[in-house]
Amino acid sequence: MNASALVLATVQVITMIVLSPLLVGLMRQVRARLEGRAGSGILQPWRDLRKLFAKEPVQADGTSWVMSAGPVVLVASSLLVCVLVPLVGTATFPLIPDDLFVMVSVLLLGTVALALVGLDSGSAFGGMGSSRHMTIAALVEPTVLVSVYALSIPVGSSALSAIVKGRLEDPASVAAPVSLLALVALFVAVVAETGRMPVDNPSTHLELTMIHEAMILESSGRDLAWLELGSWIRLGALLGLVGSLLAPWGIASSMTVTTVFVGLVALVAKLIALGSALAAGEVFLAKIRLFRVPELLAGSFVLAFLAVAASYLVVGG
Amino acid sequence: MTLVQAGLAAEGATTFVAVTAAILVAPRYRARTAGAAIASIGLISAATGVSVLNGGEGSIRLPVALPTDPVMLAPDRLGGFFMVVVGLVCAVAAIYGISYVSGPATSRTSWSAMAVFVLALQLVPAAADVVSFLLFWELMALSSTALVLAEYKTRSSVRSSALWYAVMTQFSFVMILLGFATLAGAAQHTGFDAIAHVTPTSGAATFGFVLLVIGFASKAGIVPLHVWLPRAHPEAPSHVSAVMSAAMVKMGVYGALLVSLRLLPDGPRWWGLLLIALGAVSAVYGILQASVASDLKRMLAYSTSENVGLMFLALGTGLLLRSTGVSGASDASIVACLLLVAGHAAFKTTLFLGAGSILHATGERDLDRLGGLGTRMPVTSWTFALGALGAAALPVTSGFVAEWALLQSLIHGARTQDRLVAVVMPLSVAVVALTAGLALLAFVKAYGIAFLARPRGPGAAAARESGLAMRFALIISACSVVFLGLVPGPLAAAAANAAGLSGAGATRWWGISLDGVHALLDPVALMVLAICLAAAVAVVSIRAARRVPRRRVELTWGCGGVRVSPRMQYTATSYAEPLSRVFDDALRPERDIVVTHSGESSYLVERVQFRQRVGDVVETTLYRPAIQLIDRIGLAARGLQNGSINRYLGYSFAALLAVLVVVSL
Amino acid sequence: MAILVLLPLIGALLLAAATALTRAHVLRRFSAIATSAVVLAAGLGLSVAVLHGSPVTAGGLLRVDALSAFMLSVVGAVGLTATWGGLAARDVVPPDWTYSALICLFLGAMSLAVLADNLGVLWVAVEATTVATAFLVGHNRTRGSLEAAWKYVVLGSVGVAVAFLGLVLVYAASVAAGRPTLSWVALTSSHLALDPSLVKVAGALAVLGFATKAGLAPMHSWLPDAHSQAPAPVSGLMSGVLLSVAFYAILRIQAVVNPVLGTGLMRGLLVATGLLSLAVAAALIVRQRDLKRMLAYSSIEHMGLLALAAAVGGTVAIAAALLHVLGHGLAKSSLFVVSGRILVTEGTTQLARIRGLLVRHPAEAVPYLVGMAAMLGLPPFTLFFTEVAIMLAGFQHGLGWAMTLAAALMLILFAGLARPSIAMTFGAESSEPVAAASTARQGPRTPLALALGVTAVLGFTAGPLPTLLTRAATLLTGTK
Amino acid sequence: MSANLYDQLVGVSAGVLLMTSVLLVWRRSLVAAVRLLAIQGVALACLVAMIGIFDHDVQLVAVSVLVLALKGVALPLVLDRSLVRTGTLREETPLINTTASLLAVSALTMLAYLVSQPLRALRPGPTTAAVPVGICLVLFGFLLLSTRRHAISQLVGFLVLDNGIAAVAFLTSGGVPFVVELGASLDVLLVVLILRVFTARMTVKFGAADLDELKELRD
């Protein structure tokens, strides 16, 4: 089991490294087209990365090692999430629970790294971004945990792979109102966590409205590259997770070459679908005020909580 | 003479040595000798606790001048667990104190008080009957009050804080006294073993339980009885506040465990609910206050009441699930409670000692004046960072493992048809999650503002790394944070052993396994995986660094080349501002903004003043009115003694008549 | 042995007479101390004698059992603390002869009260204490002291008169029972059939009367004035032992009444007055402005607690009460002595005007703080054990509700005492320089150190003390 | 003498005691108060003497002489002297007016009878029948003490109270043991003397022995 888990992990990591910039490119392209622009093509993010790696990082006085170490940690955490989350297959390491709480805290490790980078820059904007970022992260966490908790109830385990497996074996549960509520909540949480519309505008250039961009304002060169890549991978992984929960079909529950290949294809399909859907949605949304965000999150939390309660009413007769 | 007896006796003897050293030794060497002695008290008690956990027994009977039931010291396993935790904390803090205390705190009194304090802390969990428990409890209170007062010459705020602390701690003492007295009255004996025979459903048991919970909660800093905590911790010398927060507060938790596991096991289920409610409220409120506080030690104090809240929540969950019949999960959550105890002890010690180093180096507790210490105080920075990781429950630290266990038990606890549990568990999950999230913000703020970017004040700019003993203690405690995170297995086994449960243990001796809920966690493996990935990334980035080296510039982006002064950086206050807006109703911050317009036009602003103070809502709405009421009564009561002898004779006459009427009826 | 019993009385009288006649400096300085020493020695000797044998009697009216012996030692010990601690340093002129002589008589009267086997004699002795202390309270000859003395004498003697009425009725009851006596032993002996309805009235009146001397509310009104106006050592003596002697009388009466009526009546009275005393003390300490009045009210508090202990009854509670008497006496007298010194150095006892004592006069602040810690019932001091024991016993004997109320009131008292204590001792205010003379005029430190040290270790003593206490308690409760 | 006469005489002297004390409550003149006190003392002495004679108790007769000397002569004299020194001859208005206090007196009398019920039940007889008078004296004395504002009248009240106790003592059981009796009266004498000294000091300090002056010490 362990070996296959290792294989799967490597597959998922590499896939996500390759795919997530393309996913972002795709989303940008979809937006561009919907907004009537030509767009810069799906490969643009990869080009950006190459350019950034070739550039020299510039670092202001008073900043410390955090500026250079933070991005690395962010990427590492995103990759670790890719290992933990069932994207292509459900094989797991026996001793590392792909546990909801473990997954979330690994994710938060990256969040913290990002926030510290923002603070270390020593400019007003960095602090601002980091503060907003942390506030949102703090408010998102209950939603994430409770919604996955809701999904975990029918399966009786909080391990993501187990949940996905369970849904694979019992397709009825996918369409159950419980899971729908929970998934909506989870989706909102993912949107907020990854800084997409309407919580944050990834393509803004006005400092005062920035969240994510404000934090990376002072980073440049490969630091910036890592930061971008890290957050893209995280977006990909989370979307992938939502995908596997929403439509578990095709995911490899046993480890053979074919199943893994099928799983890969399924993953790509899900990512494309979700990504374009998200991008399409973003076109029609405007960024909401920062102090309206809590309302959004509270709403999603209520959904998640309702999901839990409902699931008990279902389970408990 | 068993090992345990020897240990207890040795503690007493060492305390005597410490006190004499503190009094007799010349000031130059006082700190070293007394500190060393106190550290050894802690180590001895830790050793005693270990031997108790390994099944060692033994009791010491104290001589008392009254014909009461025997007054005994006989630690049981639970006590042993706490003796280990508390002992180690005290040892580290004492070592730290050696080079921390200079000036007022190195007085004879403070060192002797410290010794007594440490001894009392060790012996409270060793007590085997009501009287000895109360004795050492009150001794603990007295000595800690003396320590809070230690720096009375430098700050006048010490006095009011000490008063608050003294009164609140006396309040908790009285509650505990009454509670124990109720139980002892029902049992007609003061021994814990006798009290354990009281039927939990009886009225006396209920009354006693409630009183005891109130008492222990107020010592543990549970909202709304926490008001002493954010006052006493900042005023005490930092190593003392470390002991108070990491060890003394735990005595409240120990008391709660003692009552609900040993004295009154399997009580009615609302006991569990009561504990959960208390825990949840103080967890959320505590961390909210912590994340908006800008005084570093005050913030740590509030985070203490958050962590204790989680412990109470875990304990309550355990009781509730046990009464529901979900034994596996209940065992897991009680173990989680003990894991939280140990984990919190580790990282809170680190954090308070770190805060002490900052205070020592900069003379500042206010985060808004700190910054840039990371380069100036590397050791403090690293250790504080580890402590903060622990407090934020991030992998792989003691806090992470503990909260993981807690969530596991919460999630698996719900495998039941019981509606009550079905509602309580998800709510608890949400509370824990929100707490974790806010804790993240709070400690990112604390570390980021204090150690990163550029100094916001002269004190921070002039900071130097602290002394040898301090660094040593810091490193020890920081390592313990990581160690407990990486190797939780033995601790979990010890915890299960201490609580007499089977629901948890070690897997592969280092990893933790919660058999009750079929959950395994091997932090080492997780760590290895993480390191591999990080290493890969790092390699890439280093190879890139060969090609294009870093370039340093002097400016950060200031919207077009304005000279960016440190004052433009985000401060702790501004960092928490969005949050304090979101939770405006719960925190009620007082803001006042003064805008002075320039003469000509009211559109041109000349100067803007912004002040924000976040008081304690509980204090202003609960305590102030009570105090005023008592004050008013006192004022009115003066009329009783208005000096007129006729009135005084009238009192006596009235008493006489009343008595005559009574007896002749 | 009999000589040991007579020793304190004779000693007191002789020393008083000598002081009054010769008026020699040395006597004026030391006669009071000598008297207390004699009393203490006799008390300890008698305690040993009682422990190893049967009660010692002398002259029919005097009889020493464990209780008397213990109380005699208390009188001696507290007296020694107060008088020795109140001893002014050499450069001050010694007190005039009336002062010293009266203190000797005062101590003698209290010794007589605890030694007497006859309730009548006990009453006479208690009244005699009023007579002896009247001029001591009025000693300063200020307006205030005169007022305090007047109130003290009138209220005190009236109250004690009521007690006398009670005793008269007890005597009547004994006459009716066919064996006219006021002897305590005879009255408590089981084969004396006293008329219940009469004993009811008698006991109630007697307790009420002695409660006045014991400073229990609502008959306490004389106490704050007298304590605040008397010279510090006298206040110490009055608060430390005089109240306790009156309480001792109450205990004796209770032992007479309970066998006849059962515990109901006494319990009711004592609980009522005890709680009332605690309430009054709490209410008036919250906004207290004067140090000595504050100490006086704390005495009322402790007497109230003792009343509750007596109400609880049972060996543990009574033993605790007796030990409490000793601990409270030592600590309180030390505190009053310190307050006297504070008056000397600061020129006032107003709490608002005493600041930064720990910096400016550590020799006063340290004993004050230690004594106050003892007063507040903090370990390791004796009062901690006694208070805990009383509480526990109360709950075991079904007085839990009263104990709960008492605990709540004592919490308020704790706050009320802690606030001014912290305010006046701690603080950096070292504005005015320490007066050189004042340090010289502060009295000896040894007595305070001794008294407080004893209070600190007393709780942990095994051996003879517990046996003595247990025997005394069993004497009163009758239970073995 | 015959039991009948004895009953008569006891009744008469008890009546005198009661009468005098009621008058004491009524009147406000201090001079009259002292005289009434003297009469009361004499009456008490007579009572004691009669009981002594009737019971053929020589000791008690001796006691009666002592009582006469102390309560009938010595104490009133002391009071009279200090009255002359203070100079005030009338008590200005008491705290509660005369009517109210007289009503109070009647109420207190009822209470006294109620209280002394057990005694009368215990040993029916002329003396015990008169016990309520003694209790009345005690209560009236207390009433005087707590309503009168002049030092002297407080002294008077105290002595009335004391007389009451003495009366009860003699009526119930022919007096307490002699030692106690001696000590008690000695104490009373001393107390009165002390109070007289204080009264003198007061008149020196405040110019009058008015107790309203004594309101310095308060919280």
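Going by the order they are written in, the chains are A, B, C and D; count residues from 1 in each one.
The definition used in the following text is that a contact is a pair of C-beta atoms (placed from the backbone, for glycine too) under 8 Å apart; a residue touches a chain by one contact, two chains touch by 3 or more.
All values derive from a computational prediction rather than experimental measurement.
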Comparison of B-C and B-D (more C-beta pairs in contact): B-C
Chain whose Cα centroid lies nearest the overall Cα centroid: B
Chain whose mean Cα position lies farthest from chain D: A
Geometric centre distance via CA averages, chain D-chain B, whole Å: 69
Cα-centroid distance, chain A relative to chain C, in whole angstrom: 77
Approximate Å spacing (C-alpha centroids) for the pair chain B, chain C: 43
Centre distance in Å when chain A and chain B are each reduced to the mean of their C-alpha atoms: 35
Multi-partner residues of chain C (at least 2 other chains): 150-151, 154, 158, 162, 200-201, 224, 284, 287
Multi-chain contact residues (two or more partners), chain B: 637-638, 640-641, 645, 649, 652, 656, 660, 663-664
Contacts with two or more other chains, residues of chain A listed in rising order: none
Pairs of chains found to touch, sorted by chain label: A-B, B-C, B-D, C-D
Of all residues in chain C, those that touch chain D in their complex: 61, 118, 120-121, 123-124, 127-128, 130-131, 134-135, 138, 141, 143-144, 146-151, 153-154, 157-158, 161-162, 164-165, 167-169, 171-173, 175-176, 180, 182, 195, 197-198, 200-201, 224-225, 228-229, 284, 287-289, 293
Chain D residues within the chain C interface of the complex: 115, 117-119, 121-123, 138, 142, 145, 151, 154, 158, 161-162, 164-165, 168-169, 172-173, 176-177, 179-180, 183-184, 187, 190-191, 194-195, 198, 201-202, 205, 211, 213-214, 216-217, 219
Contact footprint of chain C on chain B as seen in their complex: 62-68, 130-131, 134-135, 138-139, 141-142, 149, 152-154, 156, 158-159, 162-163, 166-167, 170-171, 174, 177-178, 180-182, 184-185, 188, 190, 630-631, 633-635, 637-638, 640-641, 645, 647-649, 651-652, 654-656, 659-660, 662-664
Contacting residues of chain C [partner chain B, same complex]: 150-151, 154-155, 158-159, 162, 200-201, 204-205, 208, 212, 218-219, 221-222, 224, 265, 268-269, 280, 283-287, 315-316, 319-320, 323, 358-359, 373, 378-380, 382, 384-386, 388-389, 391-392, 394-396, 398, 400, 403-404, 407-408, 410-412, 414-416, 418-419, 422-423, 426-428, 458-462, 465-466, 469-470, 473
Chain B residues touching chain D - in the complex, by the definition given at the top: 637-638, 640-646, 649-650, 652-653, 656-657, 660-661, 663-664
